[in-house]
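The first chain written gets the first letter, and so on, giving A, B, C and D; residue counts start at 1 in each chain.
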């Protein structure tokens, strides 16, 4: 029994969360540093996992397996594949930035109530989310995954509803109402999805008699587990619905703009860059692996939905007046790309999709967090309240622009690689879909540049003059992210190397081969 | 030797990095660093050039494989460079003109507190442009392609505080994105067709696939070219792009970037050769743009916009030539180079004029400047002569060749194209003469500006004049140098291939015709602007003039159809999202609440009604049970 | 006489009692109606007991009476205390809690 | 000894049948050991009455609490002992001449009931919440239940420091009844047990210290409707007796599935008459469904839950459900398995309307106790889904769910007792606004309970729900599972609403305060939290327990 590395990686932030929550009210700063330290330690562990992972090796590595709830056929089974390890690394990487960016977001407004400790709670919840997300990326037991998938809603819910964006339009009560509306919407939407998934999970157990991903996959492979077509389809739909809500896929997306708009920017980043990835990850990990036939059966519809998400999300982003909502809709568009890549069922598409999850995490984090710095300065989320920022805060404007360029996936920055892979992958399987998707890149340019133009350029508006430029803490958030975006844009090999084998496994699961180039086919 | 290739890109890239990340402390030295690195790149280019000359015509191409960029199953994208004669030509043009313009900018941007950043952007542009021309596969080319787009965006919008500049920058980027869409689709097509998008394999295997595929790829490439090279229908951004500092207009929007489209088409010659239909479309686009730009150029009073129109038109010539196939490739590139010299010179001249005139751009407010800024006058004049194709100067040779080639296309096609090019030449002569006259001849027409201080026209500092002089030399001699003994043709032939076609008319006749139309054009211009004094405010002008002033209403079309339409679309979608998509959800929640409220009423607090429900329940229970047994 | 008739009678009584519960307001009367229902049950039990020729039914009837008695004690206690604090034994008056 | 023996004993005594008068009289054999849990509790209850009579007032409270706690503990010990002797498994049998079954389900449920009553009794005994009046600590029961609220009599009683210590023996009687209820093995015992645990509850409802009018109203409603339903139950018993000629479960079962030994003509006559069986079964079912609070027999629940003193509500909500579902299970699995196919559709219907009805109506509730009442209705629906599964897994899943649910419920109501303002408990939801700000710990605990009710993973609620749904799906009731998840989604809405209220809305200026309870209530709450988390994270041991206890003796 080797050292349970994965468990440790997930447990560390969980313990850290409890510790942070336990810090007495007065020692607020201590809690912050504790949380930051824990997140960094987790990052180190994640790094170890990444290093220990051998791309050429078994599909699932660093596996752990313990009996848990025999009656439900549930085991505590962990194991990480290329896709999981990439996302695990992303999560561990982003959390420190999230914490750093949210340094002052949860300072209590009224210091009189001594028992109320929002700061401690805020950072504890973030760490708790990290723990659950990490565990969900390495869970190879459907039930275990489901539990985390659902359970992580609760800390997220408190993060959204409990710590609203201070830069809101309108009165405090109004804002509080908006916020709890957003939080409730988030929770109910995802809970509904999760409960429908629960039915499917139970159904799966009734059919398969086990929750172990490996067992089921094996049984399916050697034919000892036959699923009636209709059953498989129903189960697939049950799973997919939950993931589509989480992802979010059109038309199940409407919770995201509210949530991201009302939550503090670090939390918004947490939602879109980390938590939502669980949805797309799960499509790749569970839908395709457990229900390959049904996945193929559903592909046309899903492709259409994804295309709608891409174009629709982008168009709505263009139409937004609120910076954060704009970014939210942009994310919806990007998730469309991810889903598209997954269900194109080509090597490029799926590698691209996985890479996209990572890159989108980084780019959105960069854009959103800098936007957050901007918003906290001006105290407004409305684009109309800005203008000429680059004149007074050039560095802020610069970082914002780079974030934006990453979002419109400019070559040389990470997202380009993944987006292009997805496009190529889709195009080679569904040319028309590929072409429609490319419209997305024009629209992306539109909403990003419009946003930049309206906020950063032109004459300096009132309320902007004298706006301070980025401080050290904020630079510490922005610059590393930008550096990563550039690095992965120029040299994505480290990620692709771990992802490729995993993708080949998935391709094998769904028994799909890449379409041959015409020239070879001719020969 | 091939290891030097990376240095071409590395130098300016380093410059960009240093200057943009360096911060204020570099403000004093920034422009020198930038210029030095540009020069370094140029020197490298020269070294490689001499080395290349040292080798035989066939093995001149160099390759440098840096690393595997995106290694994914069944998908190879490398960062690898290929330096052949075609690339070499561009490298020299880009780094050469680039360096000159760096020098020029030192003076031109002297009073701008963000000069360091300006040079950073310029270096960034050089790097991207070089990647574009020395990439050995389409994907890397795409990187450079978008890279120059970014640089152009940053530079057009360099004076971001001016909303007009910011808008122009955004517009340029967006229109280019439409083109880029074409390029990416073309690359995808290549991938599905050839399984790769490296130049060698793709261009080598064009024989193995259907003409339809090639046509599709060709058209997509053309779309990309239209975006980058401001060809109809994607030309609208170039005029606005003049919002950028003049050196930018000279370098990016005259000499180098806008010609990338030509490079793309020539580079992909093998594909177009296999797709006549695509070629036809290319030619048509070129011809249309040629006239379009020329006409627009005639009507503009803004000196830079006039020159922009001219640029459009000249690139139209190049695209047309490229569309002609092997007959035209060489001439397209040749005109591209010469144009690089004289158009850059003209823009720098214009910049110098503006520099002396408090950034006044309206030619109607110039006049008689030849006395005040002789050097500018001379260099500009030489550029003028070159572009209208005055015998012996660069433009004369390159343009003449294209016209010949157009005729040589043969058939009615040939005649049509030939006459179009001739017509274009005439118009060129007209509007350039117009510019010349309005700017340097006649009597002074400038008045004190709003603040009441009168502009004092003066010659520009050395840092600006020297580059102008150098370029003037280029515009005078390049053409001759290239054409004497078909040097240029032999230089490029190994890459592009060449056939002479069969000219229905002799070269002499063509030249003669060219001369005639040239004279006509100049004469008309003289008649309109030379003899009688020019009104300081533009007369209403004919319908065509008015249309031309507004870029032949193309922008209005865009505005009404795309901008307005888009706004309506997004606004309605926002509404839909809120009321319909979200409405469904909230609706369900609300209806649940309503249902709950109604059911709640049953709980009316009266024990007897509770008993009733129990009694009823029991009855139903019994009935149901009996029923079950019955059925 | 056919013992089945006793069953009809029992059912009748039960129904009367039940409808009494549904109709009458006074808690005491309601309560009496419930007692009536219990008696109906007893009648049925005894009748059946007779049919089957064993005494189980009758035994249960006795138990029922005892239970009923206990119920009376509790019930009256509650109803009386309600009456004392409200000066009304109407079950409809006791409807503070609703919805 | 055959299950019907006890009755034949009576018959011989009666001498109606062939047996000649003065014939041999076999004394009934009672297995006192196996009945120990019940006997202990009953005995303690009787003792309690005597205490009321003879122990001086000052000492009564202490004595009663001690007596009750000790008795329950002893009873629990007895249950454990029986289980240890394998009565839960191989040598499960039927005691007291066929009156009471001693088997897995019975012992498991009795154990649960005893533990739940234990923690409930703690809340009964809580005396720190209300401000002391006239220097006497007071609990949540009236000083003198008989006295008119607000009258001089009451004032005098309060001044004299009277307290209704009778609640403890009453609770014990009730517990005794509940212990017998799920173990009852003939209809008579069932009926008697029902009354034995109901009657004391009626009284307990009426003796609230605060809001007496509501308390009495609750009692009246509960009493009248309860009696009404028990009348139905009794008539059902009568009809079944008429059908089978016996009231012993096994006997009836034999008749139903036609494996009866000797058929006399009368029996042959009635056996043919399915109407007797069906109507009787339905009425019996209705009596039990009333006790579990299933739609449409639920309407007493909200009012009674709201009106009764909160400790009683908690006790009632938890223990009654356990007992009633126990009885329901035994009835369906032992007596009427032959009827499964006739009753299934009906049960489906009831389960569906119960799940949906409870969840939907709860959405618009404004009183926390009523809210919990409706949530308990919805949960009854979930449990019914497991009952319908008609398989050993079904039984054990229901047992598990009951265990989980009862502790959470008691805990939740215990928390409700803490949130108080000037006039007692502040049960209106609007007053709970911002509770999380004022006393985060209490709010957090309550949130945990709510999440468990909502069935969020990592809480016991989820384990239970999953077990039940899984059993249902296995038993071919997939449809119920779907309805179940849908109504859980609806239910989530109002649990979430309360959490929003507590944490995300600003506290009101005149908001309630959270009283600091004595260790008693703290224990209750702590147990609730512990069960919630333990059974949420590692339920395996208890699932095994329930699994072994899943088989009924016949």
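As a convention for this text, a residue touches a chain if its C-beta (ideal position, glycine included) is under 8 Å from a C-beta of that chain, and two chains touch if they have at least 3 such contacts.
No experiment lies behind these values; they were computed from the predicted model shown.
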| item | value |
| --- | --- |
| Chains contacting each of chain B and chain C, listed by label | D |
| Chain closest to the middle, measuring from C-alpha centroids that were averaged per chain | A |
| Contact-richer chain pair (by C-beta pairs counted) among B-D and A-B | A-B |
| Maximum centroid distance from chain C, chain identifier (CA atoms) | B |
| Cα-centroid distance, chain B relative to chain D, in whole angstrom | 81 |
| Chain centre separation in whole Å, for chain C relative to chain A (CA means) | 65 |
| Between chain A and chain B, centroid-to-centroid distance (C-alpha), Å | 37 |
| Approximate Å spacing (C-alpha centroids) for the pair chain A, chain D | 46 |
| Residues of chain A whose C-beta touches two or more other chains | 188 |
| Chain D: positions in contact with at least two other chains | 220-221, 224, 228, 232, 302-303, 493 |
| Residue list for chain C, restricted to those that touch at least two other chains | 18, 21, 30, 91, 94-98 |
| All touching chain pairs, where touch follows the definition stated at the start | A-B, A-D, B-C, B-D, C-D |
| For the chain D and chain A complex, residues of the former touching the latter | 437-441, 451, 456-458, 462-463, 466-467, 469-470, 473-474, 478, 481-482, 485-486, 488-489, 492-493, 496-497, 500, 503-506, 538-540, 543-544, 547 |
| Complex contacts: residues of chain B adjacent to chain D | 589, 592-593, 595-597, 599-600, 602-603, 605, 607, 609-611, 613-614, 616-618, 620-622, 624-626, 628-629 |
| Partner chain B, residues of chain A touching it in the complex | 185, 188-189, 250-251, 253-254, 312, 315-316, 318-320, 347-348, 351-352, 388, 390-391, 398, 405, 410-412, 416-417, 420-421, 423-424, 427-428, 431, 434-435, 438-439, 441-442, 445-446, 449-450, 453, 456-460, 490-493, 496-497, 500, 503-504, 514-520, 522-523 |
| Of chain D, residues touching chain C in the complex | 7-8, 10-11, 14, 16-17, 145-146, 148-149, 187-188, 191-192, 195, 199, 202-203, 206, 212-214, 216-221, 223-224, 227-228, 231-232, 234-235, 237-239, 241-242, 245-247, 264, 266-267, 269-270, 302-303, 306-307 |
| Residues of chain C touching chain D in the complex | 7, 10, 14, 17-18, 21, 27, 30-31, 34, 37-38, 40-41, 44-45, 47-49, 51-60, 63-64, 67, 70-71, 74-75, 77-79, 81-82, 84-86, 91, 94-98 |
